[in-house]
Amino acid sequence: MPRIEITRDQCKGCELCVHACPQGILGMSKDINKKGYFFAQVVDAPRCIGCRMCAITCPDVAIAIGMHGTMYHYFTY
Amino acid sequence: MQTVFARPESLATVSTHYCPGCTHGIIHRLVGEILDELGVRERTVGIAPVGCAVLAYNYFNCDMIESSHGRATAVATGVKRARPDLCVFTYQGDGDLASIGMGETIHVANRGEKITVIFVNNAIYGMTGGQMAPTTLPGQVATTCPLGREVETAGWPIRMAELLASLRTPAYITRVAVHTPLHVAKAKQVVRKAFQHQLAGRCFSLIEFLSTCPTNWGMTPLEATRWLEANMIPYYPLGEYKTPE
Amino acid sequence: MQNDLICAGFGGQGVLLIGKILAYAGMHEGKEVVWFPSYGPEMRGGTANCSVVISDRAVGSPIIAQPRGLIAMNLPSLDKFEPTVKPGGLIIVNTSLINRSVQRTDVEVLEIPCNAMAMEAGSARAANMVALGAYVGMTAAVQLKEAEELVRETFAQKPKLVDVNLRALHAGHDFAGAHRADQAPTPEVRS
Amino acid sequence: MAKKLMKGCEAIGEAAIQAGCRLFFGYPITPQNEIPEYMAARLPQVGGTFVQAESELAASNMIYGASAAGCRCLTSSSSPGISLMQEAISYMVGSELPAVIVNIMRAGPGLGGILPSQADYRQAVKGGGHGDYRVLVLCPSSVQEAADLVIDAFDLADRYRNPVLVLGDGLIGQMMEPVEFKPRPPVALPPKDWAANGCKGRKPNIINSLYLVPEVCEQVNHRIAARYQVWEEKETRHSGHNLDSKYDLLLVANGSVARVCQTAIDDLKASGVEVGLFRPISLYPFPIKALREAAARAKNVLVVELNMGQMRDDVDSFLQGRVPVHFYGRQGGMMAAPEEVIEQARAILAGRSN
Amino acid sequence: MQTVFARPESLATVSTHYCPGCTHGIIHRLVGEILDELGVRERTVGIAPVGCAVLAYNYFNCDMIESSHGRATAVATGVKRARPDLCVFTYQGDGDLASIGMGETIHVANRGEKITVIFVNNAIYGMTGGQMAPTTLPGQVATTCPLGREVETAGWPIRMAELLASLRTPAYITRVAVHTPLHVAKAKQVVRKAFQHQLAGRCFSLIEFLSTCPTNWGMTPLEATRWLEANMIPYYPLGEYKTPE
Amino acid sequence: MAKKLMKGCEAIGEAAIQAGCRLFFGYPITPQNEIPEYMAARLPQVGGTFVQAESELAASNMIYGASAAGCRCLTSSSSPGISLMQEAISYMVGSELPAVIVNIMRAGPGLGGILPSQADYRQAVKGGGHGDYRVLVLCPSSVQEAADLVIDAFDLADRYRNPVLVLGDGLIGQMMEPVEFKPRPPVALPPKDWAANGCKGRKPNIINSLYLVPEVCEQVNHRIAARYQVWEEKETRHSGHNLDSKYDLLLVANGSVARVCQTAIDDLKASGVEVGLFRPISLYPFPIKALREAAARAKNVLVVELNMGQMRDDVDSFLQGRVPVHFYGRQGGMMAAPEEVIEQARAILAGRSN
Amino acid sequence: MPRIEITRDQCKGCELCVHACPQGILGMSKDINKKGYFFAQVVDAPRCIGCRMCAITCPDVAIAIGMHGTMYHYFTY
Amino acid sequence: MQNDLICAGFGGQGVLLIGKILAYAGMHEGKEVVWFPSYGPEMRGGTANCSVVISDRAVGSPIIAQPRGLIAMNLPSLDKFEPTVKPGGLIIVNTSLINRSVQRTDVEVLEIPCNAMAMEAGSARAANMVALGAYVGMTAAVQLKEAEELVRETFAQKPKLVDVNLRALHAGHDFAGAHRADQAPTPEVRS
């Protein structure tokens, strides 16, 4: 299972990752972070396919991904 | 477990001042990733513009120069001519590059300076609060065209990629977008190519990025990506406009 | 006599509008007024603030180093401006978005859940009107009916919003009234 | 027109319209974006024309053209943008064209910052472009005064066929205050029979600043200089505060920071200390005579500015060492607070000071 | 006997300061003839450049404005916006219009200002004594490229007509020459069209004239016409590049 | 290198090369075309680079870039072109970049004329751009001195990280005189460890003039101003003629017209009249102390300039009314003749004068 | 016969008209005019066909032409 | 002692070169010299002129209002500068292109057909050298052999031209010598 790390205080709550995730497993928090934004979080981690869409989309480099081997990469990046 | 996605070394570990969902951030990251991949961070000098990206000098983890509004390419010319061994890029908005800096832009391209220009076309003046840009679309509302851009008095939006590609000298002119992951991935290849051209001693390269400005377009980030897709891409077709002869 | 305040919050919270209404109201009452927005290097989409001075004499600097009043609509605003408030001054805290209390002990504090009360009045976006009502209630810097009039004018194009905003304004005003009644004697916040 | 709460920038725009200006050419820059934005919305309502120029360089040459055609027109910018207009301003003087230019100053040098500053004083009053020339510089310290001076500026520009600069800062441009536009009696001005607007029924007019024969160029220089002589006699403006008191210390300040001084003076007066304020409104021509009179009654002069002492140098030279001139300044977008001015004043009065 | 050829009224009866054989004189005459023929002299305002044509304000018998170097089109914008009823033209050299004034040129064309631009491309800076222009041909010697223009460092010469024609807004962009009587006659038709477009309320028109500079090319006037034919026309093809949509 | 007859412009170009400058960015304009032309021919011989910029605006930003990369570079222009550089000059000061800029002045304002003039004195010494800044201004009066000062200018610029302006006029630029480039002892200068030229082995360097936090911007303003304080103490330069005589009248003149004054003084001396000449070489910082000393021995001062009296105003203010200051000027490209100066001098000495 | 009038002191001696004349009937004077130029003159007037080539070519509007009716016009001008 | 002159003619006549050779020669002889060209608003392809000062003391203004010498290579130059020459000065008139005589009576005049003599020497383009030779012959401002040396240097790239130009130089010098011999006593043209 890939590890998605969203740096809470780096997130600006733009929700772009939420819409980018093909698995629909990201959601927005109810809390606000230090910057005052509702931040993104992984809602359903086990279903993550490590496709990196979320990270590629994030304008704030708030998402890092770790995993074993290659999983579902729709395209080279 | 190996890290397959993380902040590139060429991006400083700071939070940017960009608005939520602003694609300036993605474009920064792409440049950072390519500087890393090509291993040139330590011999790169970037030129920041005046525009929302004015603080780019804090965001790239390489030597940076802040230039006056519109003159980034003249500054880059000075750097590159002084030190041809350096990898030099500018990062400029549409007001900066296509309005006040138009003269410098055409001439730097036409002189064939061996630099790479990252051109962020968001169809608006972001930093100053949403005035009309040379790239603002017909009918698009901005604070200095409150009833929407009128082609009759303000002319058609300028397509910089096409304009520059009509010059004989420049090596590589391409337009990309970054509003979907796929577009981002494609754009990254283009950024790589542009820097590779420079490193190979080929002359001027420019990448026009279609970019969002949720704040001044008055939209959510997601709406902005859709507006870009629906309105900007038809007027500003993506693709390579010029490749080295 | 002079009332002055800083009104601060997120960009979208309408803090500049609170200030403008206060300034307009003061003007209508024949006072000297100045409104001055922060236009500094705030983060885009980040915080915004303005200062307002309502005075009987010509206003000097509109930039208030030590405001007599502070309306803090969010946490960063409270963090930034709490230390600057004049001793004996007033801080209005929007508890809907601020989860800490004021540290200063030499000022009067009104804690008020603006967003929640606005929601009750009919729209979360009217939180600023709650704060405005509260400020008017606490200071009587301008008359409530001037503020009402201006709310009507402001939303004249969108009549639906007039009522919501008036309700929010009154809710804030009433809240302040209740608070003042609770606390006697109050420190003098005007001078 | 009733009193309206307006931003300084908006009031400047409206004032231009009240003065009959129907053309605006400009380029956005903080903290004066509200001028072009106001004009973009307002000019079409009165049949006027707003053009967003591609740069300040272009804007300044567009007003050169519109003015050459005999029409009132406005451009505005802030410090770096005004630097880009220096060539065109020199040309307008050389071609003897009226024009009104507004500079809402911000901190410098370079990109500096966007907060209020008075660091372009020298550029404004000494002429930042090439050649022997001056512009008439008017410096408001309130929104109402900004509006009034802009209207005057159009008349002065037309009367003297020379650009007039209205010099404010971010504070003047961004703050809102009540403004009223009162009807004004029409001013008699010379006809613009020199304008290049079609030669029907007359010989062609030429607008030009090139004089290849140096004798002629010299004459033109003299004609232009003579105008400034007239200004120095007839067009100085100033104001003051507490000048009828018996003050030992005279403050000299202009524009936004003069307001701060006024507050400081009122506070000092409340504590029994009398201090006067001399506020030049025309920075060029400087009201030298009035300054000397006001300073003659003081033991010390304190110049307060939002720069490193640019006007101080002038005050110093105008007073020719007759009264000691002290200086207090803030820079880089910092605004002096009344308390700071009071402290400086007290220090001088107590004999300990710079 | 009737006069079939004489000085047009729109040309002042003075001798110009142009060098013998310099085709600036022919271009002046064409403009003068057309202003006469269209009967617009008395409502025309011309903008003179800084360049050899700096004294054009003395040569045209209509209201004239001298502008700063490169800014003639900005000045023309001011005039035309102030007085849309006037017929406005600029007269500019290649240094003026294509080097220092490039930004203004692109933008005036792209705003679609209803003016006519007379652009004199003589591949050199005439007035200042023969420095390289943006239009100087590869290998052509000038005082600032004493070994001939090197494309590697100075880029290819700029083809203004093509560049401007790549913009969507402008109405009429044409390149002509005046080195033979036949070319002069054809050019005259083009000048007429350009002014007619303006008078009909159509937007921006520009005519690029290939012109000689015998003095700084170091040739006799006749040699200069031949050099133009042999070298300039191949690089700068004549023809209409854009006509009203 | 033996003496060579060179135009002032050529000597300036050669001097830059002798100073190790290998980069020139510029745009043609009379009367200094020989500088870019010389550089275009000469730089390739020493492995340097000549770029004809598309404009003065571009040229000034190119030197901003080359300087930011840590390299010595030169640009030159004449009056209108220098006006177009004002924004960039302000930026260079704000970013604390060294640069050498040459202005070979011609008559203004506007297009003016191409003949010699000193009408950009004020722009040069007061700073024509926005913000609180100055450039160090060196003013030669012979071709040899022009060459020497250009070499010094590079050292000064590097030492203080501030632009240095060499101010000549068409006469200095166009005339030919013998010049000699003598070997100079190397000067110790601070390393350019601030340059943006690749961050290998160190943290990235940033060249910048934006300071959004006003407190920081204020500090930068103070740091820059402190530099000018140092200049005023250490970097003034002047020269004189016949100053060891017992003169009643002191002429003050700079650059080209100082030569004319020198001739006038020699001729007067031949007829038994002693007149001194004080010639500031650094116009900013002005050699105030030396001027006061020289003026203290005179009953009258006569300032001679090719403008309307720009330096006269300064001299006036420096002398603070201690000695009457008279003025004689020619404008618009006219050169004062020795006979005219003699006549003025005699009139003052005879007690009849302006 | 057309009348070719060359204003002597308006001519700058560029010789372009001489080369333009299809009849070869223009030549340069041996004298200099007020401006110091050897000026153009009609050498063989009777052979002029009134084609206007000379005048169309002249950069200095030194040539005026008068004639009766239309003669040889190679193109409209 | 100072010699100064204005040397004027058409653009192509090489008048600036005459001046430069004189300045160089003066410099080689250890004198102070200045050469200054007209760069003013002359008509393109029109007249050109330069002033040269050769002096024992530092040179003041290089612009000579009243030159001690004038070489007029064409009519416009004579027209323009004849009135400015210092009384007692020298005017050299190129009679090949100037068909009027000097009006002034208070100056010395040398009429010399430069173009014709140059043609004889081998090239019409060497008319300037005839004039230079004549000026040196009349004034001895510099030594003839210095001038010869400089002619050699100037045309070093085109050896063919050296002889022609030297012949022209000598022809002018000899012509002046003959003239001076004719006229005795001559007015003092140096001071």
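Going by the order they are written in, the chains are A, B, C, D, E, F, G and H; count residues from 1 in each one.
Quick note on the criterion: a contact is a pair of C-beta atoms (placed from the backbone, for glycine too) under 8 Å apart; a residue touches a chain by one contact, two chains touch by 3 or more.
The model shown is predicted, which means the values in this text are computed figures rather than measured ones.
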Practice prompt. Trace the shortest chain of touching neighbours from chain B to chain E and give its length in steps.
Written response: 1
Response to the item:
Outermost chain relative to chain B, judged by CA means, is H
Worksheet item: Between chain B and chain C, what's the gap in Å when you average each chain's C-alpha atoms?
Response: 41
Worksheet entry | Distance between the centres, which are taken as Cα means, of chain H and chain F, whole angstrom | 35
Worksheet item: Any idea how many Å lie between the Cα centroids of chain D and chain F?
Response: 29
Practice prompt. Check each residue of chain H and list the ones that touch at least two other chains.
Written response: 40-41, 45-46
Discussion item. Touching at least two other chains at once: which residues of chain E meet that condition?
Written reply: 18-20, 22, 54, 66, 68, 99-100, 102-104, 107, 111, 134, 153-154
Practice prompt. Return the residues of chain D touching two or more other chains; collapse runs of consecutive numbers into ranges.
Written response: 30, 51, 54-55, 57, 80, 87, 91, 95, 110-111, 113-115, 208-210, 212-214, 333
Worksheet item: In their complex, what parts of chain H are in touch with chain G?
Response: 10, 45-46, 74-76, 97
Fill in: Contacting residues of chain F [partner chain E, same complex]
27-30, 33, 36-37, 40-41, 50-52, 54-56, 80, 110-111
Discussion item. For the complex, give me every residue of chain H touching chain F.
Written reply: 20, 23-24, 27, 33-37, 39-41, 57-63, 65
Practice prompt. Sort out for me which residues of chain G touch chain H in the complex.
Written response: 12, 32, 36
Worksheet entry | Residues of chain D defined as touching chain E within the complex | 23, 25, 49, 51, 53-55, 57-59, 61-71, 73, 87-88, 91, 95, 196-201, 204-210
